[in-house]
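In the two complexes below, chain A is the common chain; its partner is chain B in one and chain C in the other.
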Partner chain A sequence: MSVRESNTVEIDARGLDHRVLNERVRAALEKDVPEIVLRNVCGQRYIGAGLTNDAAITIHGVPGNDLACFMTGPRVSVHGNAQDGAGNTMSAGSIAVHGHAGDVLAYSMRGGRVLVRDRAGYRAGIHMKAYGDLSPVVVVGGTVRDYAGEYMAGGTLVVLGIGRSRDEPLAGDFLGTGMHGGDIYLRGSVFDWQLGREVGRVPIDDAAWEWLMALNREFARVFGIADLRFDREEFTHLKPVSHRPYGRIYVH
Partner chain B sequence: MTPETTKAAYVRRGEKDMSGCAIVGVMSEAGRRFPGDIAIRAIGAMHERSNGLGGGFAAYGIYPDRSDQYAFHIMFDHPGAEEATRAYVERHCVIVQDEAIPTRALEVIGPRPILQRYFIDLRPKARERYYGLTEEDIVVRIVMHINCEIEGAFVLSSGKNMGVFKGVGYPEDIGRFFRLDEYEAYSWLAHGRFPTNTTGWWGGAHPFGLLDWAVVHNGEVSSYGINRRYLENYGYHCALHTDTEVIAYLFDLLMRQQSLPLEIAAMAMAAPFWSRIERMGEEARELARTVRIVCGGALLNGPFSIVVGHRGGMIGLNDRTKLRPMVVARHDDLFFIASEEAAVRTVCPTPDHVWHAEGGVPIVGALKEQAVA
Partner chain C sequence: MRKWLTQPDFIVERDVARCIGCRVCVRQCANAVHSYDDEDGTILSESDACVGCHRCATLCPTGAIAVKRAPLEFRDNANWTARAIRNVYKQAEGGGVLLAAMGNDQPFPIYWDRMLLNAAQVTNPSIDPLREPMELTTHLGRTPDRVEIEPRPGGGVRLKTRLGPQLKLDIPVMFSAMSYGSISLNASIALARAARAAGTYANTGEGGLHRSIHPYADNMIVQVASGRFGVDADYLNRGAAVEIKIGQGAKPGIGGHLPGEKVDAEVSLTRMIPEGTDALSPAPHHDIYSIEDLKQLVFAIKESTRYEKPVFVKIAAVHNVAAIASGCVHAGADGVVIDGFRGGTGAAPQAIRDHVGIPIELALAAVDTRLREEGIRNHASIIVAGGFRSSADIVKAVAIGADAVYVATAALVAMGCHLCQKCHTGRCNWGIATQDPVLTKRLNPDVAIRRLTNLLRGWSHEIKEMLGGMGINAIESLRGNREHLRGLGLTSGELQALGIKHAGVGA
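What follows is the complex of A and B.
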């Protein structure tokens, strides 16, 4: 561990077991260091897990599974790709991945922001939820695979499809299956057969469009993308048709 | 304070890592042979995915001087099993060379079975006796007989110019135990096990091998009973108490015995949902329906990611809903499949191309024509 400037701590993660690395991060945060830079990260799990501090954690390399899980506070940026389960059950703070993400991105996420510059894998945003002031937001710059937004109970999943090739679908099958809360915005069209039977297409009202454009500007700024101009007509907006899709199953 | 000793301290305190198996495949598509360190380091990067109850490797191209003989790697629980196996094998085959598989004494590797390898030729009279069968069919029969009928003997691999090395331990320790840094192969498979349904024992570690097939698997085959019964019709008998065994035999049945192309074999094992089949064009729909009906017993249900090695390269396959991870990468002539991207980057920090496999879509690494093997 070395103090680069008075308020930044650098940790070389090369060869460190994930528990050792995470203990060093916690030790630094206990001294109220506002910024931690992790170098040579390669597969260490649970970075940022459960942290409640208001700090910036910058990761160089590929962090392991469950990045920032149960996190309530820090701003994490990854200069590399993320693996599976980034943002799992996160409640506040942010993750920005300057690369792609694996499967189950933002699984059960409850609040905060997750921005992924490129594509994400299967089950992005599965079972996200919202309560009171907490409402999670996930933006994927590229595309997503099957089961995106499955069982979503709240929050917002945005898929921008930037730079996708002509034969790469914006999303896979079973989109929003079992969804009963929240919103999915996709920049592009999807077929009816891709949709779970619990979601329907709805127009984007002015307030939602303004909010979405502010979010896109934030996305462009974080990843240094010069110009992101979208038309409202490009987007597909999905919402659940019922907030209790399986209610009847339990009626005798 | 080294990471290793710190880890030991956590283990003493009884803290536990949540796990899932780890798989790796790495090959040179140009046929360039390289030592086992790269496979050991790649699988070792995913240490948390194993729990020390199974690790193993398959290596292709390691016996160039004996590439005409079948290389049998066999484990024996006791010397009697070795004698019985030798007597049985010599009835059908000439043992050209036999030796103990070289190992290195390691404290972390517990009680071990007898580990022998045999380079064998089939006797002409065995071919006459089974005149309707190919040489490979006869080898399969010999393997099945040893595994099912000779108490305490299990064939780990039976291909040409390849071998399976496996046992109880963490994969990186098993790799050192078998001195894999001293072998050179053009293709390596590796596995770290977290046993879920059956106990951790030497024969139950991955890879599973038959002829030159080797399979490493993360997940579970919930259709095991159906697959096992289906395979019995074709002379395959499951004796290793682990679900992955059926995958090795299914590949042998579909691709070697029945000569189905990979796309069809993959369609049988990870069949598209009926809802997707209904959306296909007429010809594709008819084909997919036929495969699902005719090869229904080969459908693998449950979550899985597998890497299947063979003499021509390797195949990666995920279950159709992709419930297990699989990352693929290329760099120059190297081709990688792994459970985690970090495993690839540990041995190849900046690959040319990294991507994720799709459920039910086979990923292929293939030896270029004219390359060795």
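What follows is the complex of A and C.
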């Protein structure tokens, strides 16, 4: 660990076990260091797990699975790809991935933001939930695969489809299956057969559109994308048809 | 209102000579069995809605009410029982999944009742626990393969090996997972405070940790299930231990489902989900598809709690339970919780409650044997659950190989539950499995705590008596000591699965 400037700590993660690496991060946070830079990260899991501090963590390399799981506070940026389970059960803070993310992105996330510049894998935004002032937001710049937004109980999943080829689908099958809260916005169209039975298409009202454009401007700013312009007509908006999808299947 | 073809399970009889017309029964029954007729001043009882919870009969000041099994009998038929016929009626009328609550009530063998304990005679004197020390203290968590000691500066020695986090129990009995939502806040508070008073632990289930239970969090095991309700870094770090729920004995292979009408403001706050929304806990964890994935969640939790909390994994007792439990231990679990098919639930499809899973007795024997064979028994504690009724059941479980036992139904019964099996309706007249404010205030936590601690104190005395009778002065010495058990009326297959000898066979 080396203190480069007075308010930044750099940690060389080369060859470090996740437990040692996380302890070093915690040690720095306990000294109220506002910014931590991790270099040479190569698959170490659980980076940022359970952290509740307000700090910036910049990761160079590829962090392993469960990045920022149970995290409640820090702002994480990844200069590289993220693997599976990024943002698992995260409650506050943010993740910005300058690359792709793996499967199960933002599983059960309750608050904060996850921005992925490129694609995400299967089950993105699964079982996200909103509560009170907390409402998680996930933006995927590229495309997502099957089961995106499954069981979603709140929050917002946005898929922008930037730079996809004509034959690359925006999303896979079972989109929003079992969804009972929240919103999915897709820039592009999806077929009816891709949708779960529990979601329906709804128009985007002015307030939602304004909010979505502000979000997209933030996305463009974070990833340094110039000239990101969208039309409202391009977007598909999905919402659950019921917040009680399975309320009528029982007899006593 | 009467449904076509369905008949009442019970009939409610009122002894008019004893009834003083006080209308306690009318006020007490949330199922509206009793009603008062203003015009002629009489109390009517409509048996159709009676669930057999005995609330009215228990509170009637003159003992005027009797609840009896409905005398309307079907013609004897060993195949088409009254239950089977009525279930068809219900489904033909409602067209849905039959919902049930509490544990499997079918007459499967109860192996606890086919096993007998040993006692010392002549050669190995028994011990009187009233006058001699008797140790029930139990530690749960991983223990090292070997311990190293080093000289202590200034003389003597000290332990060099660093021990992992452990839970210390004054009695090898804990209250198993019951979520706030499935049970009332008063019931949750009573369990937490009783656990504190008795030197043991209660479990949040997947209901989150309500702020009024924060002061007792040192005696709470916090659960992480697939819905992740109420789970955040603060929750994980407040609890004494974390339990990953993979399965539940009452409903192996399926998830939980708290209906939206039970998700009121406080439940919403504690689970951190919107009010009135169904709390759907899917069957699988969507990040767990293998033992390697389970290991990832175990260590995600350990990282998030700085390796200061033991992490347990709870699985249902299913056919291949020994291999699965072994996988859990290899995945880093500090304890494996096995929930047998008689374990209770706030709601489960009846078909699954009654037909899926295996008895805890057999599952426990298989898991303990497997872990010992692999040489990893010390890596994790075994905690068993699923219908434990008495101190004798607990002693027998320890003799087979359990470190501790989880009880839930017994705890509910101690608080007043009459096992009417209607938790899923949310109209629990005893104020336990309901969120209705009129009903929940019927459960006085102070009274409930006294009853719970009384039960554990009684069991504690009984366990000590049984240990003393065997000539054992510490529960540790009984653990996995199957020589102290004998089977009665069991087949050789059953004896083999339990790893015990038949009664009459000596050492």
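Here, the second predicted complex is superposed on the first by the 250 of 252 C-alpha atoms of A that agree within 3 Å, B and C clash if a C-alpha of one lies under 4 Å from a C-alpha of the other, contacts with A are read in each partner's own complex, and residues count from 1 in each chain.
The definition used in the following text is that a residue touches a chain if its C-beta (ideal position, glycine included) is under 8 Å from a C-beta of that chain, and two chains touch if they have at least 3 such contacts.
In this text, all values refer to a predicted model and were calculated from it rather than measured experimentally.
Chemist: After superposition on the shared chain, which partner residues are touched by A:S91: those of chain B (first), chain C (second), both, or neither?
Modeler: A:S91: touches chain C, not chain B.
Chemist: Just checking: does A:T72 make contact with chain B only, chain C only, both, or neither of them? Give me first, second, both or neither.
Modeler: The second partner, chain C, only.
Chemist: Check the contacts made with chain A and report whether chain B or chain C touches more of its residues.
Modeler: The partner with more contacted residues on chain A is C.
Chemist: Counting only touches as set out at the top, which of chain B and chain C does A:A207 meet: first, second, both, neither?
Modeler: neither
Chemist: Would you check which partner chain A:V62 touches, where first means chain B only, second means chain C only, and both and neither mean what they say?
Modeler: A:V62: touches chain B, not chain C.
Chemist: According to the stated criteria, A:D146 is in contact with first (chain B), second (chain C), both, or neither; which is it?
Modeler: Only chain B; A:D146 stays clear of chain C.
Chemist: For A:R19 in the superposed arrangement: first (chain B), second (chain C), both or neither?
Modeler: In the superposition, A:R19 contacts both chain B and chain C.
Chemist: In the overlay, answer first, second, both or neither for which of chain B and chain C A:W193 touches.
Modeler: The first partner, chain B, only.
Chemist: Of the two partner chains, chain B (first) and chain C (second), which one does A:H243 touch, if any: first, second, both, or neither?
Modeler: Only chain C; A:H243 stays clear of chain B.
Chemist: Quick one: is A:A226 in contact with chain B, with chain C, with both, or with neither? Answer first, second, both or neither.
Modeler: A:A226 sits against neither chain B nor chain C.
Chemist: Common interface residues of chain A with chain B and chain C?
Modeler: Residues common to the chain A contacts of chain C and of chain B are 18-19, 45, 65, 84, listed in rising order.
Chemist: Give every residue of chain A touching chain B within the complex, in rising order.
Modeler: 15-20, 42-43, 45, 61-62, 64-65, 81, 83-84, 100, 102-103, 121-122, 145-147, 173, 193
Chemist: So in the complex, which bits of chain C are touching chain A?
Modeler: On the chain C side, the touching residues are 90-91, 93-99, 226-228, 231-234, 236-237, 257, 259-260, 268-269, 272-274, 276-278, 280, 282, 286-287, 296-297, 299-301, 303-307, 422, 424-425.
Chemist: List the residues on chain B that touch chain A in their complex, please.
Modeler: Its residues touching chain A are 1, 3-4, 6-7, 10, 15, 45-46, 48, 275-276, 279, 321-322, 325, 327, 340-343, 345-346, 354, 356, 358-359.
Chemist: In the complex formed with chain C, which residues of chain A make contact?
Modeler: 18-19, 22, 26, 45-46, 49-52, 65-66, 69-72, 84-85, 88-89, 91, 104, 107-108, 110, 123, 126-127, 129-132, 134, 150-151, 153-154, 178, 180-181, 243-252
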